[in-house]
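Two complexes, one shared chain (chain A), two partners (chain B, chain C).
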Partner chain A sequence: MLLECMMNGHAILYTGVTLAFWSTILIVGICYTIFDLGFRFDVAWFLTETSPFMWACLGIGLAISLSVVGAAWGIYITGSSIIGGGVKAPRIKTKNLVSIIFCEAVAIYGIIMAIVISNMAERFTGTTPETIGAKNYQAGYSMFGAGLTVGFSNLFCGICVGIVGSGAALADAQNASLFVKILIVEIFGSAIGLFGVIVAILQTSKVKMGD
Partner chain B sequence: MEELSFNVDHGYLEGLVRGMKAGILTSTDYENLSQCDTLEDMKLHLQSTDYGKLLSSSEEDLTVSFVDSKLRENLVTEFSCLRSNALPPLSTFLDYITYNYMIDNVVLLITGALKQRDVEELLPRCHPLGAFDQMAAVGIARTPTELYSAILVDTPLAPFFQDAVSETNLDEMEVEILRNKLYKAYLESFHSFCKNLGGATKDIMCPVLEFEADRRAFIITVNSFGTDLSGADRSALYPSCGKLHPEGLQLLAKAEDHEQVKAVADCYSVSQTLRT
Partner chain C sequence: MTLLYVTCRLSGLVKMATTGTMQLRRISASLAFFLGLLSVLKTGNCDEQVPLILWTSEGVPTLDQSPPVAGHIMEQEQLSSYLEKALNEGPKNVVLFLQDKMSIEDFTMYGGAFGNKQDSVFPNLEGALRSSSSPLVLPAVSWPASNAVIGQLQDQLETSPLYMDPETLSQLRLNASSPALLVFRLPYGIGADLMSAKEILSGNDEVIGQVMSTMKSQSVPYTAIYTALRPSREAASLSMEAGLGGGRSLLQYRYRERERERERQRKLQERAGVYGPVEFKEGEETCILLWAKSLSVKILRSGRWEEHDLTPSTFGEGVSPKLQGSNCDKSKARLVLNYENVLGHRSFKLIFAMSQRHYRVSARRWFTLDAVELEYDGTKATFNGSRNIYAPAEYSYRCESVTSFRWPLLVPRSSKDPANQWRVSFEDFQIQGFNVSGSEFSYASDCAGFFSPGIWMGLMTSLLMVLVLTYGLHMIMQLRTMDRFDDPKGPAISVPQTE
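Here is the complex of A and B:
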């Protein structure tokens, strides 16, 4: 009966990994509490000891990689539907490349933001929290936040445009007049990626790293 | 969340199948065809549909057998195209569809061998969707056990042979019993596969397969009146994945004439359409 509850190998693997993860966290937490080592869990120490560069570079990495994941996801979803529908209705091939272009735009937003953020990373001298100064900390966190913003909004924008584009291709193959209407839905979906870029620009507008 | 990952494995085939569905003849096509007077008219009307290329490529007349063979060839080509691009679970589903034709082919070949027909003569009459490698050797077997252990154990039909292995020699009656036992195992396997997949597959396929199981039970019962197939033997042939399981099947096994069969059909309102 227990074997019937598990659907397949993947389900067993995911449950096992999740269980292992949470039990490790639980056991480590209990041990720290029992042995009166709770003071080691110090968020302030973590935030001041880590270099602002780490946060900045994480932000740049997330900006470009999450945007590319979103764009790739969208392109494969749309592309396979265009190819499938194009076998029996070849006329949809050229028009539906517009959906692919919308997905690609998401990746372009990501790389532009990554370049903009990376240009703000400057050298600073200072090794202790006092000598580094609040400005540099603020710069590091802003760059991380901006990268996160643009990365996640582009990820979901890419997926959204991809699924809508797939529907547009299949509908166009049946009835040519539907394509333009579904394109309007895609344009709205594409706008949400732009919102992420705008907010990220605002987040990094006050950034000044350096001495 | 389905849409996020569906297109990885099945996006191309989904687009292809939708295109194929759009090519099926509509009621307007049928009205046009019914107003045709000659074969040439029909050819002309069919030109504009997806079938135009198929039927106009040769000089032969549009006889029924010509249309039938061309369309069957087209079906097999399209099916092989879908099957070769399919990934599990779609590939398993398409395979289940072919097992039906495989069972029919095996029975056809055995019956032909019993009547001393030549294997070469029978092979073209087998349905191409049910082709498997060892088809030509099927006529050699004398008992179901021999058939299974020598030939069919390597084919996809092997799992359906659990109940059908017996030592009795293959004659006309035995071949039909073999066919029904194989079909019963196949239908139950298909039903549990669709049920495990869940979702739209289960919602659409399970009622269809249950209806098929009930239909087989009624046909086996009615056909066995007058032969020496007893009730106990009959109940071994009824597929158990339908709505008649288990009480209806017990009643059918005990039925001796058409009135009793009609009485069983009356109890199950879904069988209304079967009653004639």
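Here is the complex of A and C:
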């Protein structure tokens, strides 16, 4: 019975990853404690020694990739519903492309933000925390935060619009007057992606990287 | 490097001891056995060999010498057996070309081995080998063995060597029956300057050519040997390269830089003796401890850096530097090292100012090296060290390199401070200013952590990628194919080709 349970690929993957993660944490923690080297665990050192470039580039990467994941997921959900519903009710095909466009907009927000953020990444000469300067650290962290913000907002926005759009297509296939009502729900869902973009712009408004 | 050198010499000596050619019976039996074992183990590692080329003049009956196995490094005994055979059966006149340094790589580089025979700098040597009846090339002879060649030839021919050059050779009258040993010293040159090496080898080849023609004009059969005392290139040993922190470098032009670094490391290793730290005692108890492998200061004067090595007057067996002005208490410690006549300043002081206190966030006492000051002639140059040099108050701080210029841990206090004209450097620095028990250091908190910032950045990014991979795998694994209309017992689907 246990074997049958374990045959499930998901279970193996997740137990494996969780086990690896927690055992690493446990062993590292035990070693720090036994050898009384807890003082070497220094978060401030990590934050000041890692390069602001890494943070900035992670932010840019996350901005575009998470947005695209959201958009793709939304389109996949909506698209399959439209195609499936269109078999029996071909009239829904053209009207429901609007849902796809809402999902695509999410990806466009993502790429615009990625380009805006990447334009702020400038070279700086400085290797130690003093010579790098507070402004560059602020720039790095802001860009990372903005990327995360826009990425995750667009991810969930895309999924939301996708699921609502799928429902809209299937409802439209049954009863044509339902489409417009459900479109309003979709508009609300799309607004949250926009919120993410606005906040990300605010986060990077004061960024000035360079010497 | 020095260990290898010593072991090579010892292995050479042991071989000589066992063959009995030299009177080294003083080595006790056990030591000889140990050295023999070491030499057997180290033979492969004695990776400095010189080639040896032997040929006889034309018209001499062929010698039957089996060439060595490829890759085999020839030691003293085997070489002497080869030479013995050559001298017993061959001509008794021996011409020995002894170059200062030579490696097989010289022939590879300059001998036109890459299809460019016309660029070869050894035309005379190659001609001699081609026309000889029994050429013998030993590509790897360990260099202690090649050094002993001249001694062995001397013993076997029972004549003393004559050091000559091509001009004096023409005045000499040689006889086929009486043995003679003529030695020609050939230079190699200093350093690894590529251009001059080629010219030098070309010049040496000219000398060989001249000697050959003179010998030919005298129509005396001879045996010629071309070898060297030392290898001209050292095989880069991995540990040294890794230790230099520069990684492996396959580019020839970096040879000089590596040599310089190697010299520096060698000097440091030779200097590392065993000595105690500088102790400052307040009353009966030791209060401050300081140790370093080397300590030097440099000042910038009229565009040049002038250096003064303070190690011999601070550290070493029986060296006690003057510590007037030092004091320590519970929260502050100050170590003052007083010197005289440093870089033209009559009184020179090196001051280490440390302090300790309790830090609320980490709930622990830490001590910092606040400043390293140089006081001379009323001027004070201050380096700030509190940013980087710190440790928990119970422990000592140790760092491999504490300098103000190379990955600096000490920075001048301000841009106008006189410290900008100075460079201070400590190698293998260890200091403790508080909680000293006895006269030994407590546990040393090293400046080098387990993970470097780069490793952390890589780990973070890799973790992100792993998360993405996990998520992707999850998505793919939940894809299901439609099996609602599957009927395993029904007929197989047939897709007709024609309509």
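Convention: the second predicted complex is superposed on the first by the 200 of 211 C-alpha atoms of A that agree within 3 Å, B and C clash if a C-alpha of one lies under 4 Å from a C-alpha of the other, contacts with A are read in each partner's own complex, and residues count from 1 in each chain.
Please note the rule applied: contacts are C-beta pairs under 8 Å (C-beta built on N, C-alpha and C of every residue); 3 or more make two chains touch, one makes a residue touch a chain.
Remember, it's a predicted structure, so these values are computed and weren't measured experimentally.
Touch criterion met: A:R40 reaches chain C, while chain B stays clear of it. By the document's definition of touching, of the two partners only chain B reaches A:K88; chain C does not. In the overlay built on the shared chain, the residue A:E130 is in contact with chain C alone; chain B does not reach it.
Of the two partner chains placed around the shared chain by superposition, chain C is the only one that A:H10 touches, whereas chain B remains out of contact. Applying the stated contact rule after C-alpha superposition, one finds that A:L202 touches neither chain B nor chain C.
Of the two partners chain B and chain C, more chain A residues are in touch with B. Shared-chain residue A:T50: touches chain C; no touch with chain B. In the superposition on chain A, no residue of chain A contacts both chain B and chain C.
Of all residues in chain B, only 3-4, 7-8, 11-20, 22-23 touch chain A in the complex they form. Of all residues in chain A, only 9-10, 13, 17, 39-40, 45-46, 49-51, 54, 58, 65, 128, 130 touch chain C in the complex they form. On chain C, the positions that touch chain A within their shared complex are 362, 364, 387, 392, 408, 411, 445, 449-450, 453, 456-457, 460-461, 464, 466, 468, 470, 473-474, 477-478. Across the complex, chain B is touched by residues 73, 76-77, 80-89, 159, 163, 166, 169-170, 173-174 of chain A.
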